[in-house]
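In what follows, subunit A forms one complex with subunit B and a second complex with subunit C.
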Partner chain A sequence: MGKSWLRDYIIKRLIYAVIIAFGILTITFILLRVGPNSPADKYLANIAAHGGDPAQVQAAIEARYGLDKPIYVQYFEYMGNLFRGNLGWSFSTSMPVIELIKTHWIYSFQLILLASIFAAILGTLIGIYSAVRQYTKADYAFTFLSFMGISIPTFWLGIMLILVFSVKLGIFNVYYDTTLPLFSLENLKALVLPVITLGTGMLAGYVRYTRSNMLDNLKKAFVTTARAKGLPERTVIGKHVFRNALLPLVTIVMFDLGSIVFGGAYLTEYVFGIPGLGQISFNAVFANDYPVVVAVTLISTFVVLLVNLATDVSYTYLDPRIRYG
Partner chain B sequence: MAEKSLKTVSESGSSSGRGTGLVNYYWQRIRRNKLAVAGLAFIVFLVALAIIGPLFTSDPTAANFDEKDIPPIGFTYLQSAYNIQTDQITTKEIHGTPKHILGTDSKGTDMLAMLISGARISLLVGLIATGIAIILGTIIGVLSAYLGGWADNILMRFTDIMMTFPFFLLLVLIVFVFGPSLAIIVLVIGLTGWTGTARMIRSEALSLRTREFVVASKALGARDSRVVFRHLIPNVISLITIMATLAIPGVILAEAGLSFIGLGDPNRASWGIILQSGWRTMRTLWWVAVEPGIMLFLTVLAFNFLGDGLRDAFDPKSNV
Partner chain C sequence: MKKFGFLLAMALVLVTLITGCSGSGIKQQSVKGDFIEGASGGDAETLNWILVTDVTSNGYVGNTIDSLATYDNQLNVQLRCLARDVEVSPDGLVYTVTIRDDLKWSDGSQVTAEDYVYTLKNLMFSDWLNYPYKSDWQEQVDGKTVLVTPQVVNDTTFTITRQTVYPEFIYNIYNLTPYPKYIATQYEGNVEAFTQAPEFNNLTYTGNLGPYKFKEWSRNDRFVVERNPDYYLGKDIGAPYFNQYIIKLFGDPATRQAALEAGDITSTVIEPAEVNRFRSMPDIKVYTVPSTAYTLLTYNQRNNGWDGLKDKRVRQALSMAINKQTISQAILLGFAEPAYSFIPATSPWYTEEGVSKYGVGDLYDPQKAAEILLEVGYAVKGNDGSIKAINKDGTPVHLILATNTGSKPTEDMAFSVRKDLSQLGIEVEIKLVPWDTLLTQYMENKVPGSKQQPADNNGAEAVSQEPWDFILLGFSSNPLAPSGSNVFFVTTGGLNFFGYSSPQVDELFQRVRSKEALDKSGRQQIYAEMSRVLSDEQPVDFLVFSRRNIGFQKNVMGIEPGISMGYNFYKWYFAPAQ
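Right, the complex of A and B next:
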């Protein structure tokens, strides 16, 4: 039967992703139209404050942004623009939103990537250690610490790290230096505190998941078999237990992206002054620059959607037992 | 023999006796988890503080510039001031006083009073928003499982769409559109946070529908509503309790995060808003940044400990 079921499955998942994408865009559209702070109101407040004639200004704005057209025309125009990659015009920075995002996404990306790597590697190692040494003092200590890690507010952790390592000890700069070249040791040093800030919560989560998954798998019959065969403990843990515990971890890492990582990155960027997507969204909120706020939320949502899709598909390769109908 | 078994049935049949027995049983299991008990104790303490605390503290919004920059009791702060007439910088040592145990901020407002007022807001937001989310999630989950077919399909696809949005960024967008007020924040968190509960309740409902006692009650002519309220809800109530306890910290952190970036209700001294002003003055008045964070941290930790303890206590497979 070959791989045709896999192709069918991927096509099915793609159609499904397109449906979800339509849902996301529609909900965002409705949100923007029912909100009291519609774009026209925001422009109006700005311009009326400078002595313009409100009625005239409003008519001009509505005509320019197509707000005088029927709602379904607006909806199709909104969809059409997004499909052509036109995310609108950021008036607080006077450039197309897409250009703004092209210059800033890399800062969010490097932060999230480094924090994920830091958290996944360290979290898995501590989780394995804790599971193998279950009910020892070290296990209790790590379990307690991981509780603290999932409970500590990201932004407060960032502030405390700055207070201790930057203000008191002077090891790091208080604010992220945007003039640093991206691929340099100085940049890496500047990212140490932000990565710890964003990574701690993730790390603690991964410790807990790895530990409980490892413990579940340690009880399975195939582990007893492997030990009975006389395999060294290192092989039993590394090949039999860890590989089986890894798969659920992949899902958790991907799931965290939407629920924890993007929110955490937003606040981390704000605390450290990193000019990523969170920072431009934050600035846009206070400049009433609504196309930027919408664009950042939409782009993050679509990243989550694509990552979910990639996870589902990669699963079929990671675990040969999985077959989707 | 027959008499004995009859007696057992009638004993376990009295609902009040069974109820207290079960509560007692779970309480015994929770009590063995020291961290869960510590968490519960802290939450009770916090609730008491939030209710009666404001009676004993000063106004958490009142500024008093004669008493500004006072550090917590036991600490000393070196306050420097520039005198324009003499063109000199004078420094003055300020000691912590028993009148302001946790110190005051740059406007002279008592930190303890602000933290207690913040506890009120955090707990209120946490409980109400979680309540809305859990009720909504239960309704959607039950409807999805019982209606089935296209209704189930639509409800679950809608759940998928809501789950794809990164939670915090969706909150930022909605609060940006509707404006920052406490009511909006509570409503938004409640109306977006139901997805996990809906999925869980739906899968529980689907599996319970095929269980013998549900099939039996249906065979006896029970309506769907009776099955839902007599069998389904009582069976998932422990799961709902765990989910709610573990959801509260996320809600409290979301509100604090929104307040911290300036999207909170500007008229209330929530922990996030105190932290925001503390962040601005952290190089000098470090305690204004440290104290609200400690309160947030301990509160979230307490709910996580309690939630974890509840999960172990309700899980018949776990050995407490």
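Right, the complex of A and C next:
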């Protein structure tokens, strides 16, 4: 029988996820269409400069992409295509949206995944160390560095890393090379600077959260009891204190992951020339490329909802007392 | 034996000569390496070039298919797909175009005059496709807009007939590139199918028409073309000499420049502030070349602008108080030159004779500017003798300067203008807005209360949604055909968003597009008169023409720096390693 209540809970949440995603998709679709901007906007000055009629060209461009139809017709057509797996045609990149996303998602995914792993592992270890060695020089040093890490703008850090490690020392390429095989050491090497850039702010945050949670738990009675029982300090810290400190940390890590998926990796992608979904979606917004914006919003929504679900499920394993009705 | 040795030596010399030189006397280079250009400013939209208006898309396609002609750095016509220069009938109405007979599509069939005429008549002129630049091929006849008439003469010759004279129409013809009729007919009439046609989106049809063939386009990342060994211009000399030409996109100029410095890319544009640093690098060569881009400050002469701006003397006074040297030297660090009209110094039609050079020399004089404002009633003199600008009703002058965000030099120029005008007692409020906002809320206008669709010029009574007095922005001018700038300066011009109207200027633009201008000296005189009138009238303050700085790895050879430095790109090569 196991955790049948958990299975029911997951099914219920997945149904909610579909409903929420559908709602967000509809709102995004309508907001984009009722706005004053048109994908033809950027053409207009150029058209007028050639003596053309901007209004006529705007109408023609909108007709070319079916934007001249009533909004409800566009909406039902879009939904019909969506259920057939067709996300539309990107008019700012001239390719099917599904192809665009299939080509580019991996660049964002590998960056986000590696940066999260880098930040979570290193941040946790440093946080534990800082808490256990509270008020030592090492603790002060890590505290100082973590505040720096939180404060440094991603943009600036990326450029500084490039100038030092790529231009001056010549260790890494200045920009990310998309021709490298995905599962190769060269690709891993090419991701070092972007991962550090994206992960530093997260790492610094995790150091502070871990340290704070560890210190809270270190003061609790069960720690005194464990020590009184004569358990080795490593076991007290690792098995008792850290496990209890882990729960809020998992929430923060998952929350970060969700916010990165919603474009938080954009600046890192921008600096290192990584053609990930962050860049694709930002460019689509500025180009009024509605099909891409809607599709990326839809995917991001699903990812965030699934990450939240995974977070909730992980709680039940980290703390067996937790049950969802 | 000696005789054999002599013959062998002669044979070797002969072989060396044959392999080292082409029939045209151009030295053949070895093919090696990839040329990687670092670019920023956005990706292309499509390779299906007829659908778009952006320069980037056309630039990508231009590597794989030549136009009929291009221009060298002296702006002389360089034939490409043309067998000989376009012939213009004495009455200026019939243009006879003769293309080369060795142009091939990818299926091996010959590119014919029929392909060009088909592209014009069935695609560019069609109603179903709505080519954005159709107006380049239209003329006004008896108050009606009509299209020119292309006609096939034979396999390699076609004519284009106009009903009205327009001497600079020939430059539209030089830019013409064809679509293959045998493919395009499959999609004719279906705009969706045409837009998504794989042949056009992957440039699979370009045959021997360009120095490179399409290989890969990773959006927002890189565009890759590979050497075309069959290129009609290069086959005799073994050109082009790069295995691949790659355009690598960067979001951030700092990263792009760092990539050049680190040797990861071959070439990129250098920002003015970085030029001296790059010039000091032993492996980098920086070329500074003129450009056709200019920055101007438009004066709003519509009803929602400051009423003073409708007065020529007030405009002259403001232009007299704005220091162009500060802009060209302090802001653009010397990589710009003051502008006095829309015609760049590189244009054959440029003249300085009789042109009023506001903002430099004697015509940069804030004190005199203040006195002019006093004379026309837009200033008062204080007890201490100082002159301060005021409105006719005695209130302080508060003006709005709008410009788009995203360009540091433009923002700096806005602040420089504000500082200069503050000397006259004019308070300038700067509004930095996104380009879309500038376009729709400040530049586009309509008659209040009317059902007009907003446009850049909806007539004398039209006003923009947001009030403004100055808009600072950049334009580009065609040095060979500057009459295209009529859209800004004639009363009904499509981009005359600032509401300038001068019967004299309208007439000059009409004359420069008439039979009178077929004679080049006559056209020169009209352009000279136009420059004089506009520099005197100051409908806008022409600020500066910018120069571009382009950095290359030092081993790139064959570059001819100038306004059109890429015209011979197919002959560039990497120097042999030392």
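Convention: the second predicted complex is superposed on the first by the 249 of 325 C-alpha atoms of A that agree within 3 Å, B and C clash if a C-alpha of one lies under 4 Å from a C-alpha of the other, contacts with A are read in each partner's own complex, and residues count from 1 in each chain.
Throughout what follows, contacts are C-beta pairs under 8 Å (C-beta built on N, C-alpha and C of every residue); 3 or more make two chains touch, one makes a residue touch a chain.
The structure presented is a predicted model; accordingly, all values stated were derived computationally and were not measured.
Asks: Pick one for A:Ile19: touches subunit B only (first), subunit C only (second), both, or neither.
Replies: first
Asks: Figure out whether A:Tyr270 sits in contact with subunit B (first) or subunit C (second), or with both, or with neither.
Replies: both
Asks: I'd like to know which partner A:Ser281 touches here: subunit B for first, subunit C for second, both or neither.
Replies: Once the two structures are laid over each other on A, A:Ser281 reaches subunit B alone.
Asks: Of the two partner chains, subunit B (first) and subunit C (second), which one does A:Ile27 touch, if any: first, second, both, or neither?
Replies: first
Asks: Please work out whether A:Asn308 is in contact with subunit B alone, subunit C alone, both, or neither, and reply first, second, both or neither.
Replies: It touches subunit B, and subunit C stays clear.
Asks: Quick one: is A:Leu163 in contact with subunit B, with subunit C, with both, or with neither? Answer first, second, both or neither.
Replies: both
Asks: So in the superposed three-chain picture, is A:Ser146 touching just subunit B, just subunit C, both, or none of them (first/second/both/neither)?
Replies: Touch status of A:Ser146: no partner.
Asks: May I ask you to decide whether A:His104 touches subunit B, subunit C, both, or neither, giving the answer as first, second, both or neither?
Replies: second
Asks: Check whether A:Tyr290 is in contact with subunit B, with subunit C, with both or with neither, and answer first, second, both or neither.
Replies: A:Tyr290 sits against subunit B, while subunit C stays out of touch.
Asks: Would you tell me the residues on subunit A in contact with subunit B in one complex that are also in contact with subunit C in the other?
Replies: The overlap between the subunit B and subunit C interfaces on subunit A comprises residues 36-37, 155, 159, 162-163, 167, 270-271.
Asks: Would you mind writing out the residues of subunit B in touch with subunit A in their complex?
Replies: Spelled out, the residues of subunit B in touch with subunit A are 35, 157-158, 160-161, 163-170, 172-174, 176-179, 249, 253-254, 256-257, 260-263, 275, 278-279, 282-283, 286, 289-290, 292-293, 296-297, 300-301, 304-305, 308.
Asks: In their complex, what parts of subunit A are in touch with subunit C?
Replies: Going through subunit A, the ones touching subunit C are 36-37, 41-57, 60-61, 63-64, 89, 91-95, 100, 103-104, 155, 158-159, 162-163, 166-167, 170, 173-175, 178, 269-273, 275, 279-280, 283, 287.
Asks: For a test of understanding, state which residues of subunit C touch subunit A in their complex under the given definition.
Replies: For subunit C paired with subunit A, touching residues are 42-43, 45-48, 51-54, 130, 132-136, 138, 191-192, 195-196, 201, 218-222, 248-252, 254-255, 258-259, 261-262, 264, 435-436, 439-440, 443, 453, 455-457, 475, 484, 486-487, 494-495.
Asks: In the complex of these two chains, what residues of subunit A are touching subunit B?
Replies: It comes out as residues 19-20, 23-24, 27-28, 31-32, 35-37, 147-148, 150-156, 159-160, 162-163, 167, 257-259, 262-264, 266-267, 270-271, 281-282, 285-286, 290, 293-294, 296-297, 300-301, 304-305, 308.
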